[in-house]
Structures are given as structure tokens and as C-alpha cells.
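What follows is chain A paired twice: with chain B in the first complex and chain C in the second.
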Partner chain A sequence: MWYRSASFILDKQEQQRKDAAESRPLSLVSTAMTENPGANVSMYYETRAAHHGVVTSDWLAQAQAAVAGNADDAAVENNASGGEEKGKKFSVVDEFNNWRKQPELAEAVAAIRALASVIRSSQAKTMMELEIELKKASDSLKSWDTTSISLTAGCDIFMRYVTRTSALDREDFGSAKSRLLERAEKFGEISYKARRIIAMLSQDFIFDGCTILVHGFSRVVLEALRTAAENKKLFRVLCTEGRPDRSGLRVSNELAKLDVPVKLLIDSAVAYSMDEVDMVLVGADGVVESGGIINMMGTYQIALVAKAMNKPMYVAAESYKFARLYPLDQKDMAPALRPIDFGVPIPSKVEVERSARDYTPPQYLTLLFTDLGVLTPSVVSDELIQLYL
Partner chain B sequence: MVRHQCACKILQPTNTSPDTIAGGGCFDAEETGRKTIGGCMKDSGEDRCSGKGRCGNCGGKTAGTFGPCVLSQLSQSGVEMKGWTESKFLLSCNKNPLCWVTELHHPGEGGKTAGGNSANTTKSAKPAPQKKDNSSVAASERKGGDRQTDKDRKKDVPHPRMQFDDENRVEKAKKRSVVKQAEARNRVELFRHLPQYEHGARLTDLESKFFQLGPVHPAVYKVGFRYLTGDISGGNARCIAMLQAFQESIKDYSTPPEKTLIRDLTSKINCYVSFLIECRPLSISMGNAIRFLKRRITSLPLNLSESEAITSLVSDIDRFINEKIILADNVIVKHAVTKIRDGDVLLTYASSSAVEMLLLHAHELGKRFRVVIVDSRPKLEGKMLLRRLVGKGISCTYTHINAVSYVMHEVTRVFLGASSVLANGTVYSRVGTACVAMVAHQFRVPVLICCEAYKFHERVQLDSICCNELGDAEMVSRVTGREDINSLDGWTSSENLQPLNLLYDATPSDYVSMIITDYGMIPPTSVPVIVREYGREYLLI
Partner chain C sequence: MPDVHSLVNEFVIKLKKRQIEGSKTTAKLTAELLRSFISQLRLPHSNQAGALIDAVKEVGEKLITAKPVELAVGNVVRRVLHIIREEDLSITNAAVGGLNLASESDDDDGNDEYDHPVLSASAVAAAARNALRPPSLQTLLDDIPHAAATPHTSSSGDDSEGKSKSADSLRRKLKHDVIEAVNELIQEISTCHEQIAEQAVEHIHHNEVILTLGSSQTVKEFLLAAKEKNRSFRVFVAEGAPRYQGHAFAKELASRGLQTTVITDSAVFAMISHVNMVIVGAHAVMANGGVIAPVGLNMVALAAKRHAVPFVVLSGVHKLCPLYPHNPEVLLNELKSPSELLDFGEFSDCLDFGSGSGSPLIHVVNPAFDYVPPDLVSLFITDTGGHNPSYIYRLIADFYSPDDLVVQRKSAS
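Now for the complex of A and B:
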């Protein structure tokens, strides 16, 4: 819109001329790095890409078993070392990374578990100290990856949930700490089980003979579809290719194993196939205060097409993903960039849109399936206000 | 004060002329077999029929509260009421002098009323505000029998406003009003339910009455005067001015003998409020502030001495102004500047104090943006905003509302202020706001409303007609500075011409992207959540 105003075009040209003048000596270096100028690549999406390489569920199971063993050992080690050396060696980020390696575990749940273990292994003697320690751990986790919304939201909600108890007024520090730990572990349990709950809730919406359009690789959505297949429902799935992550390939792999008829579409074929679709089901990286969602690039497009053709759009998201953000438009969020491989070299003058995610406003979403129940988008703000204020 | 006998037999009648009936009380359900009228409304200071039959003061059996409904009640019970009119209302057991007296008069006896003396005028001034800004008495007429004395519930439910197209009540209100108004000529039919008076005569009238307005404190008088002339305008400014005037009057307050502070002060505040309403109808922010003040007064512990109570109230008012208005504005500005990016073109309409603070703060933070100010006749409030912004060095564009769709294509954000935000997310603001929001929505430009939380109201309004304010029609017909445009001179003599000067309009929630309050940035669907969670809080602080 505003690019059309003459004053801005002039300003921009001015700016470009200045930049060109300053960066001329660096241009040689930059041409070498045209393909992946990944200076500010989002770790979150890197991780997902690593997980989504070419992986089968058998591999997954093995990896999980292996990592579980590792995690236990690592946890034991950490605790032991913490006990010996006054807890200074305990690094919450290490703990977090251990948990995170399990591909089935959501990042936020890993963070919550890590923070719970911070409480467990804390050497603090007073409540104030413990809270400060928790706050520091939470901050370090958040700063490890600033672009991941569910991580930030999960940490914030954990802090609110754990510290918002009257148990803290008790004088005995030991009992207060154990109460905190109890709440933390309960929250970890709830978050872990959230996927099951969402899968159960979404069963009512998947009817026999329906066609579901899926975008992006969401473990929650997969769980829901897996449950439906186990309940012997007859349905068909169309999944988008999901470039550049190739998430669609993974989804189709998984679904093929479950004997669910699945059809792969390229991203551009969504509108073409929207006629035969009964509903769209996506996950979310984050749910924002307006009730909209932030999800993999392409979700907004699909939402627009679905709205234009009157198809319901359902989002499956756990409640710890509710974040206190409120984007007004696509560019109003912190950028999360990731490298895009076109397969052929591209000249340096050509800009590439490398954002990994987009924002879908709430008016395009029909319902949210969360572990709090099946909600309309306007309830998100209600929940956030009750929690935060 | 004429005393009549109340059935609790505390007082003996001093004047038992056969021409007057002591209203009230004795109509116990067992005795007469019909619903009692009664329930002294001492706490709420209202004059509604409550139907309970217990004096709220002494708990004795009878205190009758009458409004005009007593006529229908008595006539239903078979008492011959033809020809009787009521002159005052509120009867209850006079054990406590705050319960009032009602008389019914036979018109045959002429001016033999307990009224007609100065004591009566003060009393009549007080019921008038209660009627105007509290209940619609017509509603209570019908429901007189079954209204409960659930005072809290009544306080919470917003009272329907006085409808000015009901002839009876307009007449009665006129008799009781402090300021005599001359009704405007050539009134628009659609807006007959709103008050419209001729602005010209009011000022001189008010001036001449200054020394006769006994019950009105000079500070309140001054504020009312300034409202009338339009010196103070804008939700926050009016609210702060009113609260400070009340503060002055409370500081000068001293309880008269034989009265309790709570009830007397409440009735005084009601009197001031009625005066202010007659100068200019209340804005919703002022209404909320008055509710807060009344709640604080009634919740004063009874054992406080007068000076303690006064200092407590004065400090409460200070705290309200500070927390709910001044600090709230700071929080709003802090949240809202995060939504302004370098290179933005911001549009604002008329003049809102919150938006002005926001723009100045963003400029201080060094953000590069420019502002488009849209203005409209007849108030042309945007000019003052323009002057202040340009004075600080912000590059501004100034245009009339006719051109809003012309400039909207280059705008990135629209910031608007609000007089109030209603429970369904509708924004009630200066007339023209809805227009700007609609055009912005069409151009897919986000619309952000900056509004403090104390302005939220649980009312729901679907259009701009049922509740609005009519300004001076003369200002529409005349263009200041352009004396050569005089085609509308003499509009008063033309029957076919009815100028309309609306002051507010309602913007539907679909056009609003986000509301920025001191509780954070919320979507318009969450306004009732804030009202629900924090409505108690600010009333009780």
C-alpha cells in the first residue's frame, strides 16, 4: 500500500543509493554467499528441518528409545554433579537440549521439563532466590532461540502457573518448594498429555468419508489423524508439499503407514483441490492474542482460499502456545528466516523472501482444538487475560 | 417538613388535613391483600417503588416509597384516586429524617402543598437528578410491585436513560429542573428522544441564576458553566474537571445537623450531577466516575469521623484520577509505541488526548513517521492537535473528512480515540470516527483504538441513534469565518428545515483491529472480559 506513495519510493531509492555506496567493498564477499546468507537463520526452523530430514517412524521409535536412555543418564549426571558442586554446573540449556532431542517431544514441553528440573535441583534457600533462579533459567532458554514463539510462550506460562499459587505464602520453604515442584511437574504432565486430549477432541469433527487438507508437519495433527485411523474412521487426506521443508513428504509417509489414503499436492494446487476438501486441519507454532495463529509459511494462503470457498479451518494447538503477541499484519512479527534452496544458483541482485512463517488472522479460523477444549478464536484473549492479569 | 404518620407510629402527624393522604407504608400484604409499596430507598437515594414494605431505615413495617406509581397502586386497590396528583414522592418512616415525605394533593385545594417553600425546592432538586440519571420511572411504574430491594443488583444494572419524547416526564422534569431550558425549534423526529435545547439563551440564564443556586457548590457551578460553553471537551478532561470540582465540594462539606454524612453527601452529589447534566449530558467516562464516587461514599465505614471521611474521599478521588487516567495513559502509550515503525504514515481523527500523547512520545523516541490529521466541521478539533504536533516538529498533513478515502491509500496505521467502548466491542466516539474506521477497513489498514479501561461500559449499542448527544444546531448552519455563506440563515422560520448536529457515533467492532488499554492490547471481543474481571476492582479499588 504505502509503497505507492511517491515520497516513499524516493526515500527508498535514497536509502539504496546510500547502502550501495557503503557496501561496495563488501560486494565481492557477498556474491559468494548468495545461496544461503543465513546470518540470522531461525534455530527453531533449523531444528525442525533436521528432524524432518528423511525420517521414518521406525527410526523415530529407535531414536526416542536411545535418547530416553541418554536423557535419563544425563539427568542423573546433572543431578549428581549439581549435588556435588553447589549446582553451578547445572545448565538449564543443556538439560533442555537433552529433552529436545526426543523428536516426539514438543520444544515447549522440553523447556517446561527443563525448568521443572531447575526447581528440583535448585540449591536456593529462600523463595526469592528460587524465583530469581527460575527467572534466569527461563530467560536463558528464551534467549537461546528468540524466534520460537511456543518456547517463549511455554516458559512464560510455566512461570505464571508455577508462581501463581498461594502455597508460596507458607513459611516453610521446603514445603513451598515441594509445592512448586509438584505444580511444575503437573504442568509438564498436562503439556505432555495435551496432544492426546486434542486428538480425542478432534475425533468428533472427523466423520466418515471426509477429506482433510493438511499443511505443514504438526505432530498434534498427526496424532489426531492417527487416533482417527485407529478408530477405524474412513477418511482421506490431501497434504501440501510444504516447500522448502518438504514436510508434506513426511506426513504422507506417516499416513501411508496407517493405511490412510493420502494425496500429495504441490503448494500451488491448493485452490485447485479446495473443492473436494471438507475441512482444513493445521497445527500452530504459536497462537496470538487476537486468536490468530502463526504457522508455517503457506497457512495464510490456504486459510484465504478456504474462507473464499466456505470450508472450515481447524487449528490444533496446545494451550501453552498462547502467546502475548498481537501482530497487526504479516510484517509485524519478529522475522524468522531460514535458508531456501532453489536447486540452482541465483544471482546476488535477486532478493529471496526467506521468512519461514506467516500470520493467519482470526477471522479465517473456525475453531481451535486445544487441551482446554474446543474454542473459538476470541477465547484465546480471555484465557490470556485470566492468566496474565 | 410536613410530617405524616407512618404506620410504625413513630411520629404523629402534624398536619392531618383531610385533603392530603399520607402515602405509604400501611399497605401490608396481609392487611390489604396486595403487594406492598415500600422500601425506603435510603441507600440508593432513588425513588423507585420497591414493593417490600419495610422501612430500609428503621426496619419498621412501613415505609412507602412512592413515585407516580402510587397513583396506580392505590387506584388498583380500590381507593378512589380520581383527581389526585402527587407532588412529591418518597415517603417513609420519619424516625430517621432522611426518609422523605410524600403528599398527594387534591387539585381542588390549590397551592396547599408542603412544597412551594424553599425547603421543597431543594428536595425537588434532589429527586430530579435521581430520576434523570437513575431509573426510568415509567419502567418502575409497570414493575412497581415486583422490584426487589436488591440494591447491589440495581446498582450494577445500567439504568435506562430518560427519554425526552415522553411528554409527561419531560413536563415533570422541567418543573424540577434547576436550569430553565428553552427547547430548540425544528427538532428532528428521529432524535426526539434526546434532549435538545437552544444554546443561546442558556448561558445568560445560568449567569443570572448564580446566586440563587444554593445547593450547587461554586466549583461545580464553574465546571458546569465551562461545559456549557464548550471550554472543556474530551472525555478525560471533562471527567477530571468534574472529579476535581467534586473534590472541592467535598472538602468544603460539613454534615448538617440530624443527617448522616453518607446519605446527605450522596444526595448532594446527585444534585450536582443533575446540574451538570442540565449543562451538558454526561459522557460515559463521567458516568463511570460518578458510580465509583458513590460506591466509595456508601462504603465508608460508619464509625469514621467527618474529617476522616472527607480526607479519605478526597484521596480516593486523587487516586482514581491518578491511576485510572494519568497512569493509564502512560501505559497505553507504552504499549502503543511498539506498533509504530519507522516509515509509518499514521492517520488520526479529530483530537484524542491519548493519541496525542502517543504521537509525541513516539517522536521523542526518535521514530520516523508522519501524521495525517482528519478533521471535520463544526467542531474542527483537529486544528488544535495539528498546532501542537507541528509545534513539536512532527510532519503532518491536515485534511477534511471528505478526503479520507483519497488519502487512505498511503496510510499504514489508523489511531483513534474513544469516548467509550461498549460491551460488544462497539466504539462510541466523536461523530465521524465510524466513517474513518470503515474506510480504513476497506483499505485493509489496521485500526487501533486507544482507550483507558475506566471508559468501558457494559451497555450494548447497535446503532448511533438510540443513545447520542445533540449539539447546537446553529453551528451547523453557520460557517465561522465565512460570513458570505448565509444560505441557511433563518432556518428557524422554515418548517421543512431541521438541522441536526450529532456529537457521537458508534463504530462496529468489525472495523476495529485492536484496542489498546491500560490492561494491554486486546481484541474488541475481549472488552466484556475486562469489564467482568475488573469491573469490581475499579469500583471498589
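Now for the complex of A and C:
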């Protein structure tokens, strides 16, 4: 007969005793990130919080320090590896960070712009060489932040496009290069157009007198609500606080500007308020192969409550967020950790769940609004197959 | 020409007056109307497909707005538009290939011909095929550059004489092909019952108990086809208030030798545990797999789900609608005359608008349809076979083009 033994607790206590003996205990968990930023803290979520959350200045300073530290690390690493690509590699990651800091720019757009800069500064004379350079740059970007799905997806789509164009056409290298550059620059427009399309598609589902529950700060969702407000639709929004980013505060700010009635809830009040909700609308950090989504921590919880109370859950996500991942459970993804500030010092013995995201399986989602149209979760894997065949 | 326009107007009036009932009849009449419309249409020399599509869209818009709840009209219009696009595509492919091959006709070496021109032709075809399919991740970064290549290759052909000749034959060919395809569509609509009934043997087995509600031609043929193959089974027929079509249906089944039991709609939940399978027809199937079905079927679907009984929906492909339902209970429903529930003489004092506050104390609502969400449906049986509700989007991609979802004459793009 199998039954759980308490040994894991005993082992943990032993480990803690050993750690306490070796190093100084840290009073605030947040300072743990200075050791190895890449492994412990997800830069993606840090940057997003910087864009959307209510930011405290010292937290921001920490984030800046981490970014600078990482860029230096990357530079050192590349110097060690040698080769004349080192200059470009450094600029790719740096370039990417520069783009990423802009709050209106989507992650994938920043990635593609960074890759475009690689093309621009490339010395290659043939398509093959250019492809290899791009592949290296894309790999370095991906490895720099393994937790960002849009980044990976953006790089993949661009690499896919490059390989497809080079295979099909026999035009000369110069014009091919300039066309790639032009498409890369255009991607920003495509991303913006995608948001407009999603906003239009979701208009039919927002009816007069409805109450929408929103979680997390998604620019796509905001665009959809903004369009509905401009079309003089009468609706109400319940918005979760979104600890630890407090993204809800930002959302409520934006909606108040649009004269949309907003009510803020603490995260625990979702089930309490779910019966007055008509639909849940969230964005997504990534859409995975099963049709489920990866989004800010708390989305899965809300999905479960919505399902239990028979409320539809809609996801607004651009198509370039479709990723080739298939998480089987919550812990099946690369960990993306974030510092959480409780406001008071926590004893070092107390662990904190610092994951910034969770996975919502497809059976809890009703429909996805994407720039490819309104999709049911089962269509996602179909689209991915078509792309990666 | 005025002949067809009067036909169109007549049809529109019939739709508005609800003189045409049933999605199959409506679909067939719409297809026939569009066929006559296309056959008398005079097409310009260039861009026939575009002109044809515009004309059909104009008529289609009129037809759809006449009776928006009858989704079969919109489905057929969109099918025809998709047919036009497909035929145009296949003709362009053949033409481009033909042009380029003809230009190299003096070349003796056969292998050389297939090399260079076919590559560009296939690239053009691939690009055009992408344009026909719904937007996808693959084509996300693609844009106008491919479309620009199409006129380039066609103009790079040989002398003007050859071009005008092929353009002429092109023009006649497009209309001809489209009308042929529309004929096939009409044929398909007419024979959908037989195609579905052929699959009956796979789903109905010996000593089974089937439940159905009301009366449906498709279900009748399905059950009788299984009977022909000597399957012995019993049928429970729920009467389907307020029209009580279930009574006539049960009578018909009994006359063909099937053991039938008539029950009230309210008794469905009580009897569902004795039933092996529920088989029903549909008025329309939406893109998410949801079903617009005669009223009472949502209740039956819920009962079936509760007791783990498979809920099978039979529908011809012409009932497949590429739209997603938002608020279908209200927007896609039709309120029929309350006289079916209460005779006009009864309760006349309570239904009086003149009494008290000016509105009657009793309201009588008679919705015609129910919306069954996709998670309650186990299987769809169409003329193309059996499908999961989550697969419906694939069928839609096969039969409809994404550009036609909104049937409106575009004045400016």
C-alpha cells in the first residue's frame, strides 16, 4: 500500500538547519535575486510589473540593477566564447531590453525588432549565413529569458518566416534581406492591427448591461473594453487587485478614465462576486498546444470558480503567443519567480510561493479571441501543427 | 434580367411572411435562386470573380436580412461565395500554368518546361491558396508582396492575342464552373438525408432504446434505415409541445413496424435512465459546436448529460453556420404565436392591454428554438460522417471562406 510518509518534512528541516549553519539568513526574500537573476527571477514578469503595476521606486531600482547585471553577464559570457559575433550578441540582448522597456510594445514585437537589428548590422553575403546568424541571435535571446513565452514565440515565428522565404524565392540576396527587414519592421503594425481585430471580434460578446470580470493587466483586453466604451455600450467591470503586481489598480485607473463603472476586488473576493458576473475576460502570456493558457497567477483559480458557477471565460490573445508547450500540470513549466513584498519582514524559515504565473487547462476556457478569428481551444493545436509542419 | 429580380423579391417576401418553413427547403430554394441569378448575370472582362462575388453579396445581404433567424439562407449564400472563390482559384492556377507552358512550347526539352515556370506558378498558387484559407500563424508575416506577384506573372505571358483568347475562355469557364458547383450543392442538400441515414447501422444496435423529441425528417429516415437493416430497437418519442408533432411522428414510426412509446416532455427526465441514446435533429449548428434546436431539447440534453446518455445530433452540412453565438437564446430565437399555447378566447381578460397599468398581467411566450451548448453534445452526424463538437471549426474552414463571414457589399475596404 502506498501512503505518504512525513519524510519530506523531516528532510526539509534538516536542510534548513544545515543552511542556517552555513550562511546568514535573509530577512527579506526579495534580496535573493542578486545571486543569479536568470534562474530565480523572471525578467519578463519584472518588466511587465514595471509597465503595468504600481511601482515603488526601490523595487524599480532593483529591477534596473538586475537588468544591467544581466546584460553585463551576457557580455562577459560572449567575450569568453570569442568570435566576432560577440559584438552582435551583446547588441541583440541589449537591443531587446531597450525595446522591451516601452510599455505599449508587445514582447514579441520587441524580440522581432531586436532580430531586425541583427539583420541590419549583419555582414552576411548569403541567405544561409544570415539564417545562421539569426538562429544564433534568436537562441541567445531565448536563453536569456526562458520564462517569456511571447519572446520565444516571436523568435520562432520570425525564424520560420525567414526559412520559408529563403526556400521559396530565388531573388537576389540584397532584395531578400531588405524584404525581411521590412516585414520585421511591419510586425509592430501587425501586432497593433491584431489588437484592433481582437477588440472588434469581442464587441459582439459584450452586451448592454453585462458585468465583466477582468484579471491581470492585458493591453488587448483594455483595447477591447475601450472599443466597447467608445461604441457607447453600457457595461460594468469587476477587476481583481492582482497581487503582487497590483495590476488591478492600473486597470481600474484606465477604465475610470473611460467612464466605465469599475469595482475593485481583492483576489479572494472573486468567488464571492462571481454570481453577479456575466463573463470573465482575461489576456494571456502564452497559449499552449492543448488550448490552455499561461497567464498571471490567479487566472486558474478564477477559471475554476467560473466553471463551477457556469460562467463563460473568454481569453483575448494575439496569434503569435501560440507556443509549442504542453504543460501537464502547474509545475511543468520553467519556473518564473518574482519577489513578493509582504510589507513586513518574514522569518527566513518561512517559504514563499513566488511563482508569477499559472496554467489554465482548456476545459475551463469557452472561447479565445485572436486575430485569426474567434477560436475554440481545440483549434489552437491545429494552428500550431500548420505552422510547424 | 428583371425576371430574376422579381424572383428575388418574391423570395424575400415569402421569407418575411414565414411561408417557407424548414432549413432544408429554405436552403434548396436559396441555392436555386442564386443559380438562376448567376446564370443571367453578365460579367465584365476583367476580374470576373470579384464582380460575381459583389453581385452575389448584394443579393445575399437582401436575403439574409429578410429572415436573419433562418441561418440556412446565410449558409447557402456563403457556400456559393466560397464556391466562386475556389473555382476562380483553380482556373487561375490552370491558366497561369498554361500560359507559362505555352511560352516555352518551342523548347524541345520537356524537363526544362516544368522547372522554372512551374515554380513561379506554384508559388503564386500557394500564395493564392493562403489567401483563400483563414488567416493563420503561417501567413502572419506575409503580406501584399505575394499578391503583387500574381498580375506580374500573368502579364509576363506571350502576345496579346493569346492572352485575350484565354481571358475569353476564362470568363465563360468561371460562370460555367460556378453553376456546375452550385448544382452539386443543390444535389447535396437534396440527398443529405440519405447520406446521413447510411450511417445509421453503425450507431444503432440491437435491443437499444432511442429517445427523440418532436418530429424530424432526418431522424425518421435515420431510424428507418436502421430498421431496414433488421436492427430491432425501441423508440421513445417525446410529444414536443406546443405543436405536438411527436404524436404524428410516433404514428408514422409505428406504421413502419417500430415499437414506439409516446411520453410528455416533462417525463423525459424520468424516462432517461431507461434510454441508451438520444437522437435528434437540429435547426442550425454554430461554429463552436452549439446547436439551435427545437424548443425542449436543451432540457433533454441536460437530462442526457446527467445520466451519461450519448446525445447525438443529426444535421446536413447546409445547417452548419460559420458564426459564433453570443446570446443565442435571444438573438437566434423566434417567438411564435402564443395561440399555440392558449386559445385566443381564453384568459382574454388578463391579456387585455386596457386593464390597469396598460400592460397585460399575463404574458404568453412561445419560443421556437433552444440553444444546446457544445459540451452537452456527444456526436454530430453529418453527410460527411460523425464528428466531435470541437471539430466543427474544421468543417467550416472546408466549406466557407473567412472573408464571407460578414455578407455585406463592401463600398470601401
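Odds and ends about this structure:
As a working rule, the second predicted complex is superposed on the first by the 293 of 389 C-alpha atoms of A that agree within 3 Å, B and C clash if a C-alpha of one lies under 4 Å from a C-alpha of the other, contacts with A are read in each partner's own complex, and residues count from 1 in each chain.
Simple rule for what comes next: contacts are C-beta pairs under 8 Å (C-beta built on N, C-alpha and C of every residue); 3 or more make two chains touch, one makes a residue touch a chain.
What you see is a predicted model, and the numbers here were worked out from it, not measured in a lab.
Contact with neither chain B nor chain C is seen for A:Ser273 once the two complexes are overlaid on the shared chain. Contacts of A:Gly373 after superposition on the shared chain: chain C is touched, whereas chain B is not. In the superposed model, A:Phe158 lies in contact with chain C only, and not with chain B.
Once chain A of one complex is fitted onto chain A of the other, the partner contacts of A:Asp204 are limited to chain C, with no touch recorded for chain B. When both complexes are overlaid on chain A, the residue A:Asp329 reaches chain B alone and has no touch with chain C. Looking at the shared chain after the overlay, A:Ile385 reaches chain B, while chain C stays out of its contact range.
In the superposed pair of complexes, A:Gln301 makes contact with neither chain B nor chain C. Comparing chain B with chain C, the partner in contact with more residues of chain A is C. Common to the chain B and chain C contact sets on chain A are residues 378, 382, 386. Listing the residues of chain C that touch chain A in their complex gives 119, 123, 126, 134-138, 140-143, 145, 287-289, 324, 326-327, 374, 390-391, 393-394, 402.
Residue ranges on chain B touching chain A, taken from their complex, read 339, 343, 345, 409-413, 443-446, 448, 513-514, 519-523, 525-526, 529-530, 533-534. Considering their complex, residues 1-2, 4-5, 8, 11, 289-291, 324, 326, 328-329, 332, 362, 378, 381-382, 385-386, 388-389 of chain A touch chain B. Chain A contributes residues 157-158, 160-161, 164, 168-170, 179, 183, 186-187, 190, 204-205, 207, 319-320, 322, 367, 371-379, 382-384, 386-387 to its touches with chain C in the complex.
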